[in-house]
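Consider the two complexes below, in which chain A is the common component and chain B and chain C are the respective partners.
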Partner chain A sequence: MSFVIATTIDEAIAALAAGARPVAGGSDLVVGARHGKAPLPGDLVAIDRIEELRCLEFTDAGACIGAGVNHHTIEHHPVLSTVYTGISDGSALVGSPSTRNVGTLGGNVMNASPAMDTGAPLVVLGAEVELRSASGSRRVGLAELWTGPGRTSARPDELCVAIHVPAPAARSNSAYLRLEYRRSMEIAVVGAAASVTLADDGSVNAVRVALTAVAPTIIEVAGLGGGTVADVAAAAQAAAAEQARPISDVRASDAYRRHTVGVMARRAVEAAARRALGEPVSVPVNRAIGIGAAS
Partner chain B sequence: MSPTTTAPRFVRADGPDKVTGSGRYTADLTLTGALVAKFKYAEVSHARITKLDVSAARAIPGVFAVLTQDDVPDVRFGPFVQDRTLFARDVVRFEGEILAAVAAVDVPTAQRALNAIVVEYAPLPVVNDIEAALSPDAPLVHADWSDYGAAGPIVRDRNDASMASIAKGDVDKGMAEADVVVHSRYVADGCHAAPIEPRAVLAQWEGNKVTIWTSTQVPFDARAGVCETLELPANRVRIIVPHLGGGFGGKCGFHYEAHVAALARATKRPVRLVFSRREEFVAPDRRREGIVFDLETGVRRDGTITARKVWLAIDNGAYTADAGFFSQLAAMHALGPYQVPHAFAEAHLVYTNHQPSGSVRAPTAPQTCWALESHTDEVAKAIGMDPVEFRLKNAVATGKEGPSGQVYDEIGLVDCIRAAADGAGYGQALPDDEAIGVAIGWWPSFSVPSGAYVKIDGDGSGQIITGAQECGTGAVMTLRQLVADELGMQAEDFELVYQDTSVAPYDMGATGSQTLFNNGRAAVAAAGQIAEQLKQLAAEQLEANPADIVLADGAASVAGTPSRSVPIAELAGIAAGGELLIGHGSGAPPAPPEVVGATCVGDVGMTAWVAPQFSCHAVRVKVDRDTGVARVLHVSAAHDSGTIINPVGATGQVEGAVLMGIGQALTEGTRYDDEAKQRNAALLEYKLQTCADAPPIDIHFVEIDTPNAGPRGAKGLAEAPNVATAAAISNAIAAIIGTPVRQLPMTAERVWSTVNGIEGSPA
Partner chain C sequence: MISYTLNVNGIDYPVAADQGRNLLSVLRTEVGLTGTKEGCDDCECGACMVLLDGQPVNSCSYLAVQAQGRAVTTVEGLQQGDEMHPLQRNILEEGGVQCGFCTPGMLVSACALLERNPSPSEEDVRIGLSGNLCRCTGYAKIVKAVQRTAAELQS
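Let's turn to the complex of A and B:
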């Protein structure tokens, strides 16, 4: 049993090499342990005081978001919430104000829940995670990272230091929506993100759509092409409903999830397209256009 | 109107404590040497116990006691039907039934002891469906039901633990006189009280007396339960309730106090029990009952109701708590606050292998109002009449006769309907995914005995010593104002001593919206005695007639001559050297009105309602047809609760109850698996509303000069505002999607399934 508070990435990596598990906000790890999901690891290294993990950099290549950046910051950041908007949509929906203040992007991604809210937007924006260990750094795409519910391909000695998001093309933007039964302290019943790049005539040149909580991991919808926004949105709805592999549980039936994930996909495409046109659709889309209703 | 801005400032006596965190709740208390209590639960819904061996658990070092039914007096108890024992005896009947209780040095040791208890079962058929339980060949939840003791008037038969009926006129004749007869079926799932503070109990013996600190809404009931099951006289059991972290009815009835006291006696140590959230969900009597409804109303084309006939079956769960009178209560709510010349209601309280039901805020009322009021909109639609107009025409009113034959004196239901509809902007043009739904409800005031003392010490500061229990409503806090007004003093001049059965006289507890109604009467009576003493003393000081003395602004003065005056504090100083300033009060509970005529009402609870409370809620809802998600945009709530004594407290009650009603309407429902076990016994899957979901709530108090009511004409208000919200939401949803959602809660998936005509009972 040990608990180490790291203040640098190197200290954290050393602790991981010695067998410790990282704890950032603890809002998955500790809460899960209390609920009997998995016992708290015997050896822990706290990474929430590592300043380097809270870096936020924007270059022509894109955004580098430190693993320790919390959801509150992502929700309100002037660049993220306008250019990488889908991620802010996702962060803005996490838990409650206190959850958004303690919960980190790195924790969300490494926890690998199929219901995580930043997952689908990161996928449609083509993000990669940067994993670092004593033996060096590597970048991994999200499809490769998530191997199942709560499982990743990262080695136990690897720390996620940052999430890299390529700069979106001109005339493009993104959006994420989830189906929720209440407005805070909720978990996605289903969700969908879209990133859309528009041609000069306002039609869709390129689109990516990813789905939340309808498969063992976040999945990307295959086979989507360009066209009018309405056609692409309709195609996304049909493809999402078809490619989803939802389960029935106490939250919803598989049939209802299959239908509603299509609805979320359609609305995500529509919202992303509006944003790409320069229309202000505020963060999160859930409140702006309403699941149920805006008020 | 914005009540929060018009209401005067009111600082609750317990407010600063609770807000700053200095207040202590039961789970915060520690006593030297205290042990940890844990329960071993059945985990199966219906089985015969073939083996229960606790010897290995008892042998674990650090385990001080393991108790089963063999270790306590073998008493069957229950307020209406004596069908339960402290620990399971021979048969377990729901998953949360307690097999054994452990007291150990710490939580891990207690947990090890639980794991070491050996239990073996022979399974019995599980009764998981309310209606199936009533069929003649259904397996019995209690094979020996006919041997159980029960309160006199309870009518029982096999799985039917309490049958009630109301018959008025000739319902068949009434139906024959109708132009249209509308028949509806509705099903309400059970739901939970879900207070933020889980239950906690701490017990300590000194000699042959026990003190129990417990998070109960009903300290005197808790004491009675301990006395009955452990065979102790009342004066050797002291129940103290620290601050209570909410109850909503989930902490009514007697539970666990005796288990913990028995552990403390066996171990000769203080013992403390603190529930987990899961225990709070599965333990007995936490749950609002599910109900199946069959409703039929005959109506003439002009909107006159000719007859109403209802059948309903309530999920009692495995044991009968205070649900004994629920069948009668539900029958009244199913007929509703309407003028119905010919009525027949038949209500059954049905044993199942579910967690027992308990008095969650306005038991039976919100679900029954939901069913009846949804049905009422169907009736209005069938004759093409506006639902508000239909209600204005048929609602009970002053001097009119209700479905039980009671003729009402001054009541304000019609005013409530108008105020709620106006406040909602009823009739305004709305987008096609929005509508305003309207529903009316009622609730009785419970007229029962209650007591309080008031004393004023030599320095002029006072204490109110009351048996009443504060569960967050502010009702006890309001006593200070009532007493102060009686004595011409300030509320701040009085401290409250409360929630201690060995210190204060009896009160029924924070249940039945009765605190202000009855304990307010008692406190005013006690203060009145002191007022007389003060007037006598002042008369001597001022050489005047006691009848001419006025108590105001902290002084006693001669009427008409304010300069002849003496401070009350000075009089208190004089009294301290002579006859002390002590008052005690109870006051006669208002008598129920007489009911005359050819009506038959079961008499388990009340044959007539004293000072009934009325309400109308008008709710604007938006439905996302593609997903079925419904969102409440605005609530207009009008209430006749008589005189509003504390506007801040009253506003809080309505706001909280409305939000609870929205949850019950849309997201809160207990789901059972095939084995009758709860599937969503956790706060992530059992979805309460959050602050972020709260719509604007406009409140209108229709203050009617109510005869035969509580202090200053007050009625109750804690439960009434929870009655009509779900019903109003249902009517809004039906107006948007064209047909009612027939199962409560009206979850997104159920709304979506209704829109799409999908059969079955979705999530």
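Let's turn to the complex of A and C:
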């Protein structure tokens, strides 16, 4: 049994190499241990006091979001919430104000839940995670990272230090929304993110759509092309419903999920297109367009 | 079992506890402050809310060892001397307390909200308290108490 508070990435990596597991806010780890999902690791290294993990950098190439940046920061950040908007939509929906204070983007990504709210927007924006160990750094795309519910391809000695998101093209924007039964402390019944790039005439040049809670991992919808916003939104709805592989559980049946994930995909494309046109659609989209429980 | 110090409401408490213990359990049984409540014990209800460096945190799902070196504020830390905090007085006067089990968490969340946003709209208050469940009052009186406190503190 050991507990180490790391203040640098190198200290954290050394502890991981010795067999410790990282804890940031603990909102997945502690709750999961109580449920018997996975016992609390005997050796822990706290990574919530590592300043380097809270970096936020923006260059022409894109955004570098430190793994320790919390959801509250992402929800309210002036650049993230206007340019990388879908990620802010997702962070704004996580848990409650307290969850958003302790929960981090790195924790969300590495916990690898198929219902995570930041996963689909990161996929449609083409994000990669940076994993670091004593033997160096590597960048991994999300499709390669997530191997199943709660499982990743990261080695135990690797620490997720940052999430890199390419700069969106001109006349493009993104959106994430979810079906929810209540507004707070909710887990997505289903969800969808879209990123849309518009041509000068307002039609869609490029679109990416990813789906939440309808497969063992977040999945990207294949086979989408350009066209009018209405046509692309309709195609996204049909393709999402067709490609979803949902299960039935306490929150919804597979048939209900298959139907509603299509609706979410259509609305995500529509919201992203409105933002790409410069229309103000506030974060999170769920509140802006009144999805879910009545306020 | 490991030993560390927790600063709670400005006082340092020595603690010796298993590293897997959550902050709620250590506050109630080691530190001896029972104002913070265990409701769902699953990060859902907010009865266990405390402030960590001024930010609300569900203490049922936060490791106590991770709070060392940080300032923990519980509901017992809200009163100023012998005077109730204006939030405490107003939640009583507005009838926002029935069984009282959610009240410590509500007060702590409301305190953090007003610190961050001194003049919140009703919607801001509802979002700020959205991690706190109350099964008695229907929320209206609690929201009103927070708004009344904001107005008092602004004037």
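In the analysis below, the second predicted complex is superposed on the first by the 291 of 295 C-alpha atoms of A that agree within 3 Å, B and C clash if a C-alpha of one lies under 4 Å from a C-alpha of the other, contacts with A are read in each partner's own complex, and residues count from 1 in each chain.
Convention: a residue touches a chain if its C-beta (ideal position, glycine included) is under 8 Å from a C-beta of that chain, and two chains touch if they have at least 3 such contacts.
Keep in mind that this is a model prediction, so the values were computed, not measured.
Asks: On the A-aligned overlay, A:I187 touches which partner chain: chain B = first, chain C = second, or both, or neither?
Replies: first
Asks: Figure out whether A:A252 sits in contact with chain B (first) or chain C (second), or with both, or with neither.
Replies: The answer is first: A:A252 touches chain B but not chain C.
Asks: Return first, second, both or neither, reflecting whether A:G95 touches chain B, chain C, both chains, or no partner chain.
Replies: second
Asks: Intersection of chain A residues contacting chain B with those contacting chain C?
Replies: In the superposed arrangement, which is not itself an observed complex, chain A uses residues 96, 183-185, 295 for both chain B and chain C.
Asks: Help me check something: in the complex, which residues belonging to chain C touch chain A?
Replies: Chain C residues touching chain A: 2, 19-20, 22, 41-44, 46, 49, 52, 55-58, 61-63, 65-66, 68-69, 109, 112-113, 123, 126-128, 130-132.
Asks: Spell out the part of chain A that touches chain C in their complex, as residue ranges.
Replies: On the chain A side, the touching residues are 1, 3, 5, 23, 25-27, 30-31, 33-34, 40, 44, 46, 48-49, 95-99, 101-102, 183-185, 295.
Asks: Within their complex, state which residues of chain A touch chain B.
Replies: Chain A residues touching chain B: 35, 96, 179-187, 248-253, 255-256, 259-260, 263, 290-293, 295.
Asks: With touch defined as at the start, can you tell me which chain B residues reach chain A in the complex?
Replies: Per the touch definition, chain B meets chain A at residues 433, 622-624, 626-627, 629-631, 633, 666-667, 671, 679-680, 682-685, 687-693, 695, 747-749, 752-753, 758, 762-763.
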